[in-house]
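In the two complexes below, chain A is the common chain; its partner is chain B in one and chain C in the other.
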Partner chain A sequence: MIQDTVTDEVLLRKPKFIAFLFSIILLCFFIIDPSQSIMGELLEPALGDPEKSGIYGHFITSFMLSALLVLNLLAISFIPRFRFQVIVVWVQLLILFLSFFYSFDLSFVFIRSKIWFMITQGIFTTLYVSAISIVIASFIAIIGAIAKMSSNGFAFAIASFYTSFFRGLPLLMQVYLIYLGLPQIGYVIDAVPAGIIALSLCYGAYMTEIFRAGIMSIDAGQWEGSRALGFKFSLIMRKIILPQSIPLIIPPTGNQFIAMLKDSSLVSVIGVWELMFLARTLGNKTFNHMEMLITAAMLYWMMTMVLELIQSRIERKYQKRQSR
Partner chain B sequence: MRLLKPVLGAVLVGLLLVSNANAGAVLDKIMSSKTIKIATDANWPPQSFINDKNEMDGFDVDVAREIAKRLDAKVEFITPSWDIITAGNWNGRWDMHVGSMTPTKQRAEVLAFPAVYYYTPAAVAVHKSSKISNVSGLNGKKVGTGTGTTFELYLQQSLTIDAEGAPKFDFQIDKPTIKSYETSVVALDDLRLGDGVRLDGVVSSLPVFLEAIENGYPIKVIGDPIFYEPLAVTIDLGDSELNSKVASIVSAMSSDGVLKKLSVKWYGVDYATVK
Partner chain C sequence: MSEDNQNTIGPIISIKDMNKFYDDFQALTDINLDVNVGERIVICGPSGSGKSTLIRCLNRLEAHQSGSVNVNGVELHQHMKNIDKVRSEVGMVFQHFNLFPHMTILENCTAGPMWVNNMPPSDAHEMAMSYLNRVKIPEQANKYPAQLSGGQQQRVAIARSLCMNPKVMLFDEPTSALDPEMVSEVLDTMTDLAESGMTMICVTHEMGFAKRVADRVIFMDEGKIIESNDPIAFFENPQSDRTKKFLSQVLVH
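Presenting the complex of A and B:
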């Protein structure tokens, strides 16, 4: 939102609002019944066995939890800097999240014994499949974008058919169609190339639209000027239009890469040993699949966090260049 | 529109020609390259799974290794999902499948079954706290199983087992609400949530249940096995030489006791001979 100097009174300073918030939270807690939770156990000396404390214990635990939550909100609202507020809330959410997983009673010994293999085999495969696919998809997208803007009916028809088809089918179905379909016309390809083809074609279709928008956003005067100078189409494209549109194209392409990283999990169905496949299979022998699923989830999350960081760096770089 | 039909016809004929082009050549390929690609599943302990050393292991995997050894070829495992294997038309992506597949009529249309190598009892499990004590107690209840499996066919009452020496069986569960999962292990995860929470029972192979119980799943097996499924080595259609070669290897493995030894190693019981 736009930062300005108009300030309202902070809601959390109004006693009425705090009371209202408190009663809402209390009601929510009362409905979900926290008396069996950690809070209930903490209050055991005062209330006795949580299972026997009845409606009274139920109410007291809800009351205590709501009071804690509201106090926490108040405390956060007194933190002076925006940045610190963000950090504190993040840390709290993370702790809550981890304790949620912790309550599953996971076998950390098992996770430790498998995590290295998940990184070297799983993350490695996921990353290289996605990286190759995004490069191919970018090439497809440039060609698709130019074809979609062309006045040639043939080129336009092919490009629009392509984008319509590949954006209209679920990616999982494309993976199956390519893996099972291509051999029917004599091309027997392995699982990894099939996965890469499916991801490239699908994301190429989405990125065609991104590239088209990027190219279209360049002022028509640039075209007219280059035409007036007698430049040919490919020269205009290479030297004048694309260099200006790339800064607009790269940030959303980064986003597509992050999305692809997660969608690459779909190629696990054709037997590629990437992260999702390992998450589903490694724990099966000892029935530890919850462990593996959560580990893989954390690994995916960490990967996307790192990529988002890089992504925001890139975005900032291009913004700076444009504002210069 | 009038053009469409002949064009489509020509394309289809072309497809058929291409897909039959390398029929009969699988055995030659194995012999000349000295490697055999064997498909199996990584999701079925104790038959086939990924072990502590992150390698394929299990009963099926051991049988596959033994067959490869007797073919004098190095084995390479690949792990496509079950429905892709059962769809047939492998086009030489892999040469053989050793993954506890039951020869059924439907599957025999797209695949060939050279030899049955063991029989597992299929059984019914319910949650520990369930009051159901016999198999027909699951009539009209929510029953989970793996998708594309014989257990699913059994629940749909459309299972016909097409192998010599397989014992007869009846369909004992009437009109269940079938819930199909990626594998039966996932169905067991739903069953463990509690009696009737998501499932009232699961149909799968007895060894899977025993393995789960050993790992602390709160389930119990009820009644006698509902059927014995013969489990066979599978190859693609069209290579009769490979078919007879595999058949003779498996019967040799059965007569010199290797199959029995492997069965005892993985299941603790001899499933390799018909009861």
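Presenting the complex of A and C:
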């Protein structure tokens, strides 16, 4: 988005807007009834037992919460720099989330005893399953894209059937079909290869479209210029078209990789010892389900944050090259 | 026709009763044209008259539906095996240059000789530099196309085609996409090329170039060749009404 050079007046400087915002928030709070919340407990000396304070206590608690929220918004709006605003809001949201998790009364001793195994076994498996799958998916995607653009009816039919089928079924079902279906035709397969095949085939189908779009976006003049020099198809593809489409293909492929990292949790259902599988099984024995799920959630989040950082670096690098 | 009678004396390009259709629309009608070795032909006509389509049929970037197109002794048709060889001997310069943006100027020029003719890199390099010298931009060899002006890019495109040692050069409106002040540098390069004896077919609106350089000027309209004559006769004594009308519109400016 391109920012205008003239900025509108900040909404939070208009008393009318603040009053409007306040009343909306107040209404929301009033509906969800916060009198049992921490705020209600804090106000106990003034209002008495939250259970008995009735509609009056209910309203006062909502009012206090809304006032707090609006004042907070106002305060943030006075922070001069965009960057600091972002940091403050992030920190506040993080604190909210952490206190939400904290309210589960988690056993950190238990988390500490398991986290190393979750990282070495879980994250490691998740990463290598995803990495192998994205590489295979890319190869499938190149072939699929070329087949889909081909004038050969057979190639087009196979490719379009493939993309339609694997984009049309839930990934979870594909995982089951491959793991349980292949043995039916006499080919018994381990859980990890089955998971990799399922992820590769499914993402290969999606990435076929990414590759096709990347190849199609290259100007027809590049084909004509190459043909006029006497280049053959495979040479044009390898040396002229793909090198120019790869900068367009890499950013969405990075996105696919991040998505795959999370979707790889689906192969836990066939017993691959990746992060999600460990999160479900490690806490079972001692009923520490919430601990393991939240730990795994945090690990997934951290992994994707790191990958998104790398992804944006790569994107910027290719943008620079494009503008050469 | 086969490859056997290649290099025999006679027209290097021979078109007989050629018709081309885009679905129901007839783009070219009954085209007959022979081009001799060393001949310089300028094709002009209003837009949509089929002039670009015609020269794009000569290296089969476009297919014709009936009649025959014979280039350098090879008949062009849908199932031919050696189209790459024919194309490598017919240079083509496009309106929008079609340089490869991810390769340097030098790489653009050496790609054809190295990848198609299997020329050793050092020889290809040497030849590319000699042609870049000839189009007067050897100092830009290691830049990328986007760093050059339009006129420079078009001269690189000419050098790139010449690196394949073509027997014929086709020019498809080579100056139409250029800023006005860059037209002359490209036309000068083309004039040099013409003086060196290259067989050339140029689609262009540059009537001054046609007068100076062409052996023959062809006027096309609605997919047909209306008139074909030497430039003096063509410009001073046009035969058909459509040619007269076209010339009056073009030469006023």
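Going forward, the second predicted complex is superposed on the first by the 324 of 324 C-alpha atoms of A that agree within 3 Å, B and C clash if a C-alpha of one lies under 4 Å from a C-alpha of the other, contacts with A are read in each partner's own complex, and residues count from 1 in each chain.
In the analysis below, a contact is a pair of C-beta atoms (placed from the backbone, for glycine too) under 8 Å apart; a residue touches a chain by one contact, two chains touch by 3 or more.
Predicted model only: the values in this text are computed from it and were never measured.
Partners chain B and chain C, once the complexes are superposed on chain A, both fit on it without clashing.
Residue contacts after overlaying the shared chain place A:244 against chain C, while chain B stays out of touching range. Once chain A of one complex is fitted onto chain A of the other, the partner contacts of A:228 are limited to chain C, with no touch recorded for chain B.
Looking at the shared chain after the overlay, A:188 reaches chain B, while chain C stays out of its contact range. Measured by the number of chain A residues touched, the leading partner among chain B and chain C is B.
By the touch criterion defined above, A:117 lies against chain B but remains apart from chain C after alignment on the C-alpha atoms of chain A.
After overlaying the two complexes on the shared chain, residue contacts for A:286 are found with chain B alone; chain C is out of touch. By the touch criterion stated above, A:269 is placed in contact with chain B alone, chain C being left untouched. Least inter-chain distance for chain B and chain C in the combined superposition, rounded to the nearest angstrom, is 35, based on C-alpha atoms. Within chain A, not a single residue is touched by chain B in the first complex and by chain C in the second.
Remark: chain C residues 59, 61, 84-92, 94, 96-102, 111-112, 115-116, 144, 146-147, 157, 160-161, 164 touch chain A in the complex. Within the complex formed with chain B, the residues of chain A that make contact are 113-114, 117, 121, 176, 179-180, 183-186, 188, 190-191, 269-271, 273, 277-278, 280-282, 284-287, 289. By the touch criterion given at the top, residues 14-15, 18-19, 21, 42-46, 49-52, 54, 78-81, 84, 87, 89, 91-93, 182-183, 185, 189, 211-212, 215-217 of chain B touch chain A in their complex. By the touch criterion given at the top, residues 219, 221-222, 224-232, 235, 239-240, 243-244, 324 of chain A touch chain C in their complex.
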